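Presented below are the structures under discussion, each in the form of structure tokens.
Next come two complexes, and both contain subunit A; in the first it sits with subunit B, in the second with subunit C.
Then we have the complex of A and B:
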């Protein structure tokens, strides 16, 4: 029975997409004219891995295309072709094509072969045009490997080092005849550089396995100044017991690049994610004693840590770091980018499983809170011990929660990595020179947040390049360097993640925004607005579309959508701008969407949760320190600033215990850059609460972001401060 | 909490024209002297009236939300919903938890009623369409009127009642 390969498809697609991302990143770093050979190697390895993987899984279209690409890359790697702008563009286009092909195959949709053929033709054309004497390789680059080798076989003797392709398929009784594949393979290795791929497709199920049979076959690539006879000599004793094909292909490896085809690389080359990817050494060693069982285990474990020798670092490194690491590790371990996952000892887990775990932990937190509450009211000799146990439970719970939460965390580089390409394309299209700087890409973010932050960020970066950065000549005229900078930055900022998109362009055009707002009647003709208020205007719905329709420069193309998306994630977006120096958009996001640190407050008989991150201070006001404004609003002075007071009981229609301000407490909170004081009866305590959506069975309510279940099993509402501030404002206006 | 065993056969009987011929089971309850019924296939459970957490700025017939085994479930006061005189919540006041098929997904909602009375079988021939009271009185959430043991039972179409009447009209729900 052949191994069912479909179970590995998901892993193949995942890793191929990741590999393409890293290939794209490497391509973007590639300097025209003077490419870093390590980068080219990285790119080559990715293409090779995908080719190997897709061939293994029978995705012949992808394999054929990547083969052409590989040929081109090999020319670049060998220095026989120069990396020019058109070549670089072509390679990027190939990445797109490969991605599209993989997507199509993944979705079981037909591949857009026209597009593939176009790009493949371009690739072949590029190879053909290089004008080098070596015509054998490009003669049939699109053909499958066999055809290519046949074409290349014409001129093998002309060169010293040759590359041999050996297909070694022993019959089942090989061991019985006293032959040992391991010995033959190690003997072959002495002849030259060798890379081996084991083919385990004939491997039966464990029950049907004959431990004395040989089920494995090997594809060997051997390189060096080797006579065919020498190879035949190795297989001399086994030639009657196996199928042996020995073919010569023209060597395309240059000495500089040869290290990449050494044996460790061979282990990964043909798809570390497949069953066949088991280590050569293991496979060969297995053939000695109990040949198949060990291999079967290897195959099953193929997703896990395979290659302890290759000391690739754990994290999937961002482009720059990846390149550096490859430079470091390539000589000894030469880990292709694609296998980074396997090497870091990580496993892929379906998101649903993690969500399930999160939910269970959430329920546990509720139960634990309930027990703690119970424990506090307990009396008697055992109470103290009970409480000690509870304290321990609470600590453990918190740790458990943190660990589970960390499982969902991914570095923001997953989002950032798409930008170099976008910036490059956009800059080219707009005729601007843009340098993208990325910092803090290791900052980790909840996966859900991460998935939803991509589009708003794309929008902001696009805006920065389109409207913020000036054309080179304008920049030079303004005394700035011709190359504009867009800076993406992510960092932790007090329980939140702040993501910044900063540019050194012209900044927001205050006058124009204001004029626009006035003409649309959003701002009265005589209203005087602060800069912040003007910048706020760009987030108004509809404001942006008008800007775009009249094609007037000015940001705000869909900025309301950006803000809405960010708000849906419980975050905020702020803008700062300095004329002539640039603008900076800051998105502040919660670390996670599932659990919030909350302050429980009481108003009358109700309990509400105020997210701790938005609380600045809680205080009691003296009777005299509150002033009323125009008879309808109350403000009090807080750190030299007049802060309006929102009486929560009024807003929510609850019967309070305290009606006089000095009888209760004021909680100073911040929402969307505005500060207000919430008047509540009392503060109850701080606790982590699991956010439950009201949406599921009910609907959205302004001022309420969700609900949670308290320790006693009752429901408490979580306040949405921006919503409350808005609501209070409309009430006051009415 | 009293658990009501829902019957597996004739599931989705409402939508199957053949099954419609057979009898359908309804859970009947009292509300200000009138007797109402909901199809038992939608009933998830019945529980005693307990304190709810009010939600600000919602229609008055939304009493609030409760914690039902970890889920947040809104509670609708059917008396207020139908504009009947407000009644005292007494020992027989119960919450019938029902599943409602809304446009996008199923919702779980609790209905506060005066008392649960019975489970009765209603044959297709016993079901009469709701009379037309003329303009101004909506009857579209009434599936029909049935006579059970000489009493009239108003059978509710809870999907209509909830999705159009309750959740759709909530202020702020759309924003």
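Then we have the complex of A and C:
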């Protein structure tokens, strides 16, 4: 049967990556010198599973590497080697190598074997230095069974039919491990021509018979083109539970090369147990025991079947002792032990399926809203009941929507989990001592947001360690503990999630920021700025305070990119800093990108939705407070700042109700760091709307981030403010 | 056709064993560790248990020992999946009451052959 193993590859990769994550986490928790055995076990298990899986699925390079790693871990597990810093580093490196190998295999790319070989060499070196002899042949195949030696040599691989004489004398407790002579005999029969004689001489009298013991022995002659190993394989599992002699009679009457496997007698129990009332089934076989040939096997077949039958009553009525033992063991087995990292009752679901679900729920919400609106206009005796039903429906819909939304939510620990490793590596590289504290890692947020928040956070943490925290000696001189702290924190704040990266380093250097900004012409030489304004400068494009771009930060990615990424997610980033005490960056993000809190505004017969987070204020302008500026169109003064006005009806080509500015309203919004006033007819209300993408049908439309369907069934476009501002700017310039 | 319980903490291995043996006409149930397997085995009688050794919560050797201690599993074949075929490992398995072992890596054909050997 040809089974396509590739169908299991995806599952193997998924769980291997997950296992590597937990291995990494365990490694980072591992205390040098006094490691927790449970952690080492977890680490060992990961290597072991990956080895088993990769070997089974034919990824030999990974299997070979993990084998070496496993050997090392086994040494650690057995306490024959100590967990030292270099070993811990080596293990972490191994995680990287395994991850890289798995990724390469998954992407069907070649593996970077040089890197693998380097680390593998280090591993084997580490084991060798400890002086373990078994490392010499790390990938040694299974040791051949001991029995092969003598006969293997004496009866060389001269092919052709051979005559084998086998004496098989199982110990009485053979059945106790679920082994069955019948199976072995049937299997032997498949190898060649076989004749069997049963030896029932050990069978005791009926009264002394233990029905669960094996009293019979067999003499077997086997003829055919059979390797000795094949015969040994048949009895492989009975090794230690039997006496087994295998003799080869290569040609007739030639003195037989003999190989005797005398297994050390196991603890022979004295067969003095009282016999239960049972048919002497073994006796049945014994009486028929003398004839040779296949019939004997048939007889044995039936005998053994009865044997099973006789064992059955014993199963049904367990001895009291066994029952007591049973009762004692059961609760013990069920007590949950400390579970390994990542053990959770969860299932894997493709994201598309969830999106689909989400979409359908979105449609349902809309249908429900339509029905509600219809319900309000109904009259008559049934109307009240109809409305009550609708109210119920609405409640359930909201719950359903919440539940589906929660399905998409993942704890932020998915992002946080990469930091311990990064912080450790960075601290080592920079010669700093850093403690990473993580709180609120269970805070959940939408998967799409989660995926995009990683990079900005990495940047902030890097910055904190590279620029924020001082070297230990500097810290001590400043009266601080030598170990700096970087604190990652996540929490829900209203409908948002706030993620903080806080350090207890030197804080932002106001003078240097200002000087840099002046030298770049970002600030006029005589401008006076508040602290907040100075800190804001670091988010300007092209700003970087590090004197030299280090390997760690300053890869051409500045804080401006961080801010832009956060903005793209509909979030904001703020910084607070106190000289000598540290800095704190706060990213505030919406919980999800699938739903937005919107302000509905009307322009003519159209309704638009403005994301609530971007709205600063809505107001009515007095006639005369608006000026026309060349190249900018209309502007008006808003708290000392001139804000350009965008007339939405002009932009979208709609017929408005209000053409004069004082007849309608101005909604002051912010996008890409600029403020503009949107001129609309009226504000309608605030509501949560489910964003439906337009991209699939219309391609990307500048200024529109999507659409939603309102309660009355009409479609409202959701405004993308940065896009609107760009669009208006090009129009003004044109 | 036999009722088989496959125990492995790796879902990929479990699936492979499961699909291979179901394909050979057996009824296969899966458990992710010894504890789970034991709970399943107590609810239902299996004709064969195939278990991995290294697993969280309860390892395969303990599982074998626990199962053997139960009257319903006194004579049921219990096979251990192992990557190490060293004599020491085998002795450990035997001492716990394992019927035999399947050395990893194995391919589906070999698995079916081994199962046929104990199911008969």
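We take it that the second predicted complex is superposed on the first by the 378 of 734 C-alpha atoms of A that agree within 3 Å, B and C clash if a C-alpha of one lies under 4 Å from a C-alpha of the other, contacts with A are read in each partner's own complex, and residues count from 1 in each chain.
Rule of thumb we're sticking to: a contact is a pair of C-beta atoms (placed from the backbone, for glycine too) under 8 Å apart; a residue touches a chain by one contact, two chains touch by 3 or more.
Owing to the predicted nature of the structure, the values given are computational and were not obtained by experimental measurement.
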Does subunit B (first) or subunit C (second) touch A:49, or do both, or does neither? second
Check whether A:178 is in contact with subunit B, with subunit C, with both or with neither, and answer first, second, both or neither. second
By the touch definition at the top of the document, which applies to A:521: first (subunit B), second (subunit C), both, or neither? neither
After lining up the shared chain so the two structures overlap, which partner does A:187 touch, if you call subunit B first and subunit C second: first, second, both or neither? second
Touching partner for A:380 - first (subunit B), second (subunit C), both, neither: neither
Classify the contacts of A:717 with the two partner chains as first (subunit B alone), second (subunit C alone), both, or neither. first
On the superposed three-chain arrangement, identify whether subunit B or subunit C touches more subunit A residues. C
A:701 in the overlay: touching subunit B, subunit C, both, or neither? Say first, second, both or neither. first
Enumerate the contact residues on subunit A facing subunit C in the complex. 1, 3, 5, 7-9, 11-12, 15, 42, 44-45, 48-49, 51-53, 55-57, 63, 70, 142-143, 146, 175-180, 182-183, 186-187, 236-237, 239-241, 308, 311, 314-315, 318-319, 322-323, 325-326, 329-330, 333-334, 336-337, 339-340, 343
Would you tell me which residues of subunit C are touching subunit A in their complex? 9-13, 15-16, 19-20, 23-24, 34-35, 38-39, 42, 52, 54-58, 66, 68-72, 74-78, 81, 83, 85-87, 90-91, 94, 97-101, 103-109, 112, 117-118, 120
Mind pulling up the subunit A residues that touch subunit B in the complex? 363, 366, 606, 651-654, 692-694, 696-704, 707, 709, 713-717, 727
Along subunit B, where are the residues that touch subunit A in the complex? 51-58, 62, 64-67, 70-74, 105, 107-109, 167, 170, 172-173, 175
